[in-house]
Amino acid sequence: MKTLVKKISPWIGYLLLLLLLPQFFDSVLAVSIFNQMAIAIVFALSYNMLLGQGGMLSFGHAVYFGLGGFLAVHALILIEFETLTFSIIYIPLVGGLFGLLAALFIGSFSTRKAGTVFAMISLGVGELIAASSLIFVSFFGGEAGVSGDRTYGPPFFGVEFFQNIEIYYLAAAWVFIATLFMYLFTQTPAGRMANAVRDNPERAEFIGYSARWVRFISFAAAGFFAGVAGGLFALNYEFITEENLNAVTSGRVLLMAYIGGLGYFIGPIIGAVVLTLMNSLLSNYTELWMLYLGILFVLTVMFLPRGFAGFIMMHQLAWTRGKLKSLALPYVKTGVPATVFLAICVALIELSHVEGEALHYLGLELSQDSGLTWALLLIAATAAFIATRKTLPQLRNAWIEANHMEDSSGEADP
Amino acid sequence: MKMPLGKLPESLRYILAALALLMAGQSQAQEPIRIAFIDPLSGTFASVGTSGLTQLQFAADYLYNDKGGILGGRMIEIVPFDNKQSPTETQIQFRRAISEDIRIVFQGNSSAVANTLHDAVTRHNRRNPGQEILQINYSAVDPILTNEECSFWHFRFDSHAIMKLEVLTDFIAANEEIKSLYVIGQDYSFGHVVSETTEQMMAQKRPDLEIVGNEFHPIGQVKDFTPYVTKIVSSGADAVLTGNFGADMVSLARSIIDSGLEIPIYTFYAAYDGITATLGEDGKDQIHLVHNETANPIPTEERRAFNLAFKAEHPDRDVTQPRIVNALSMLVKAMEESQSTEPAAIASALEDMRFTTLTGDQAWMRADDHQLFQSLHISVHTDEGIEFDADNSGFGLRTIHTVAPEDNLIETSCRMRRPR
Amino acid sequence: MIEVLIFATLNGLVTGLLLFMLASGLTLIFSMMGVLNFAHASFYMLGAYFAYSISLYLGFWGGLLFAPLIVGVLGALIERYGLRKVHDSGHVAELVFTFGLAFLIEEAVQFFWGPDTKNYQTPDLLDFPLFTLFGQEFSAYRGFMITISVGIFVALYYVLTRSRIGIIIQAAITHPNTVANLGHNVPLIFMLVFGVGTALAGVAGVIAGPVLTTFPGMALVLGSIVFVIVVIGGLGSLAGAFIASLLIGLLQSYAIASDVGMADLLNLLGLEFARDHPLDDLWTLTLPQIAPLLPYLLLVLVLIFRPSGLMGKREQ
Amino acid sequence: MTVLSLRNVHKNFGETSIIRGVDLDIHEGEKHAIIGPNGAGKSTLFHLISGRYHVSSGTILYKDEEIQNKTPYEINRLGLARSFQVTNIFPRLNVFENIRCALLWSHGYAYSFWQLLGRQQALNDNAMEVLQQIGLENRANYPAGELAYAQQRALELGIAVASGADLIMLDEPVAGMSHSEAEKAVQLIRKITQGKTLIMVEHDMNIVFDVADKISVLVYGEIIASDSPENIRGNARVQEAYLGEVVSGA
């Protein structure tokens, strides 16, 4: 009974969070961001089924997202012209089924091998489909895409989905269901064997499983959920274009999953939330946000190979041993100069980019023409950098201290 | 799934709360009139977008804010929104503009984006009566926006593709030396409009002129245009017509020039933002462009003063799109006339408006389809007789042919539906 | 018709050899380190931009000399302080790292040089037609491009087969562990190979910049094609990369030069088709229209039917 | 009764012949060791039987069914399981999951994506039993890749035998172990292969003679003798070709 509560409580928390978010932030902008997050979460989780769970590095996952979305928009159009009549709440399912169909077809030949061969096929297929989408105008609508209208379906308990907030609650429901099912998938034989095949495809074959079939099933499931995300996209934006199935979108989902943390189920959710926020908020303050995103990404790959989720999980041991507190002070000591250093770096970058006028930064007004400003910034940056370097060993020691095993298990540790 | 999910939103809530504070701080007393500018400000297409933004901001300050504002002292504030030239981002930024209570949206780059924005605006206006948004299209030339898909809330301040082609094909048709024409374009809607319309018009205007090639290439994918140029050469064409823009335009023109082919190239977008500098001496007298608003010779003192003031403030930039200034000026005129900043009132005032631009052009906003009519010019890329060059390269556009607004009137299939 | 064929061949050769300059570096790096460098074309772009900046002061030839050096050093530094760190996290992490690098370099180029097209010109010395055939000029610069590419191919071949370091590299390609056991400083060789590989990409950028235009999207246009080439040629096979480069260069060039379309095919089969049919797009398709797609089509087909590539031995 | 029989099996890699006409019969319940000098083709023979390689010619019969053209997973499903010379486990899964995965097919789950593993009582109990057998029950939640070497070898064995296969093939199960570790491993092998047919490749002659009740000697791709341990010890040809030098050398 206790374990059941422990198992279910995160899910109830997740559901409550999804439902209550708009109670705290109800501006048009906030709801717009929540909708983006909802789509991104499902999409990133579906990507993780491939790379994180199944060991398949795909450069073309947007294909299933996009194809699902295209069919969803076409379904909306059919509803609008009364060829079909069903509530639009099922649209993500339409997207999912088409994503599944596409994945079944493409997966039938691409999942034979993992590794580089799979990655390259996904790249080739992705480029092919993205390019054909511009050629086959009648289905894909060329570069302008196709657009529908979500308000023509039969009302769902009186809701006609005029407002984005109504779509949010629908999306939240779908996100919850999709997350739950994707999580449950990891707990099934097929899901577990996907991990096994990721780790060691050869051995999997000697315990009775065809690595190809195992990959194929994960691939198809990932295609389905990517299609669901595409369907949600169609409902939210009421249109879809070629860019939603091209390499840029594929790259973005890779970024999300990786930055969030591939090895953890929750990782892609974190990645989706962080990247959506960066995309929508950061881009407001600076034109250079893509540069910062690139830097963040490269630094993450270098220093946090297991992503943000991995970083958080690193503290699990210290936490269970009640030593998290001893880390707090060293973190502050290193964190403050490090943050100052980063802030000054950003100031330098922005200052060199700003055109003509002065840069307003954190309440300061910095002038590009003043040599003094530059000199001061550079000195401050150097000082902050040295301070960071100086305090880093302390942090490292505290870290080792907090994680030091007094060897309670009795047996030798590897 | 051991991590408590409840921790996740904590940080998110702070960020959003900070944002809410920030937004509250922005909307205060003595209300400025806020106008959204949604165009690419980062990414590959950023140069055109930022250049447009600079011009709009400059025009607002120079023409109005520095002179005490409009409507009895209200300032115009241009709020930039970066859409990265992506339809999806455009929607996101549009929602953000709504969230900031902005009612007027400027947008120009890419017809695909304009179409999506147009759809979004139409849907929003239908679903939120009383909170309508006005779309000011200063550059997207897809004809359908003022034809089949026209709307009361959309106004176009650039001549659309067919209007420009009419002028261009007239000009080519009048040149008896041109016996054959090669059409090449990007494989997307604008490229197709150019190709099909040219063929139709040429068949009418010069049945003897042969279209010796009609080629599409994938947009932004071609590394080297030489193979295409080989085909142009072997076709023996006397002229080339293309709707290419950006890197595709530069590469195509360079390849043609490099292969020693000295035939005129008729274009829409072969100037400014680095293109003029790159073509330089090699493209002299060969590159032709159809556009509004003469750049050289400068027709009026007002325009000269404007350009000089702009150059003084932004030495590395040019006044590439005077139509942005026209759009803003006509918008302000409509506000002054209606004494309102409500989109519905502005739109009604804009309909049928006649306006004299800084260049001295007579412009007319046709009520039937919300399409602006003004004179169109054909200019040539040269360094002779250039007062205002492009990219500080000494080269620029000199107008060699002008068509008066009454001569480029064109029919519309628009059936305007106005709100009661 | 014959002139189209001749020029299509020449153009295909120019493109193919240019692609090979990129593909050779990529292949070297892959053979040595097992890393498919996603950012390879970004170094090509950096080559063009550095050369442009240098050419403003020292002219084109200065750029040709120094830009590849700068790119090579930069590449070596990235290998030393970036890639090597990621190496422990496995191949996927490495691939993802180079993917992020490609993204970052494109943004950095826009940051330092701006988003505009750069006015990077061919040197005056080579600004004359090499020969004129059927009224079309073949510029001396293109001849120069071919010469440089072939020169580099020969030099590379010579170094790899004759020099000591080349032999070590060759050995490292086939027996990476043995070489390490023989006491060679493998990390240093890695750094060197990465530096040389990226420098080669830099050279390609320097000489391609003036003709293919220097703009922030130039890496993207070429990036995945180079990838396609090394995969089609067979991962780790220099000869395969050479064949695949020329194959793709010529294939695209001929496809563009041709005037064949689906309509012709259908006519040939005696089939009629109706206008305004939903499949109209398919029926009006022409070969030039889909020319840039052909490499990807080829890639998918090769990977399905011969996953190790044309000349590849090592199965992944 | 003969469980496995090889008939004139050949395997060539390009020009080189590695297996040159092997005939071999394995009887039910037998503990059969295959010995031979390095490079004799012992591992190749294992790979041929388990389906990792395909034969160049000849037939392999398992319970009267031809298996030489089958894939490893098809062969495994017939009840033939194997271990590897180089540890070959699922490093990022924990020890318990390693064993549970090995059990899945034999419990009939196939590619099910509708059953939750946590609910499968019989499966989980069985996995725990195997863990206890191989002595890793208190390491159940440990990532397999972080186990000590001897423990990984035990896990390797566990994965091979978990599925309850009738025929178990072990490729140098004690390679690289210390003497005491090897001794433990041999006891483990005895325990877990009780009542099953075992084929084993091993270099350590003490272990071979300790465990096996029949020995085949493979030299340069051919079986030169196949007999009881005593007879093999006395076989002159074997002495000459192989045992002599090894024994005297050791």
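When the chains are written out, they are named A, B, C and D in that same order, and each has its own residue count from 1.
Here is the rule we go by: contacts are C-beta pairs under 8 Å (C-beta built on N, C-alpha and C of every residue); 3 or more make two chains touch, one makes a residue touch a chain.
Fair warning: this is a prediction, and the values are worked out from it, not measured in the lab.
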### Query
Chains shared as neighbours by chain B and chain C?
A
### Message
If you average the CA coordinates per chain, which chain's centre is most distant from that of chain A?
### Response
D
### CA centroid of chain B to CA centroid of chain D, Å
73
### Query
Taking each chain's centre as the mean position of its Cα atoms, how many Å separate chain A from chain D?
43
### Task
Round to the nearest whole Å and give the separation of the Cα centres of chain C and chain D.
48
### Message
Centroid of chain A to centroid of chain C, CA atoms only: how many Å?
### Response
31
### Message
Touching at least two other chains at once: which residues of chain A meet that condition?
### Response
131, 135, 288, 290
#### Entry: Of all residues in chain C, the ones touching two or more other chains
110, 289, 292-293
### Query
Of all possible chain pairs, which ones touch?
A-B, A-C, A-D, B-C
### Summary
Per the touch rule above, chain C residues touching chain B in the complex are 1, 3-4, 7-8, 11-12, 14-15, 110, 114-119, 121, 129, 132, 134-139, 141-142, 211-213, 215-218, 221-222, 225, 252-253, 256-257, 286, 288-289, 291-293
### Task
Spell out the part of chain A that touches chain B in their complex, as residue ranges.
10, 13-14, 17, 21, 24-25, 27-30, 32-33, 36, 131, 134-135, 142-145, 147, 149, 151, 162-164, 183, 237-239, 241, 243-244, 264-266, 269-270, 273, 277, 280-281, 283-284, 287-290, 309, 312-313, 316, 355-356
#### Entry: Touch list for chain B against partner chain C, complex
43-47, 50, 187, 215-218, 220-224, 226-231, 233-234, 246-247, 250-251, 254-255, 258-261, 273-275, 277-278, 280, 391, 393
### Summary
Note: in the complex, chain D contacts chain A through residues 50, 52, 71-73, 76-77, 81-82, 84, 88-93, 97, 100-102, 104-106, 109-118, 138, 146-148, 159, 162-163
### Task
Using the touch rule from the top, collect the residues of chain A that touch chain D in their complex.
184-185, 187-193, 195-196, 198-200, 202-210, 213-214, 217, 221, 263, 409, 411-412, 414
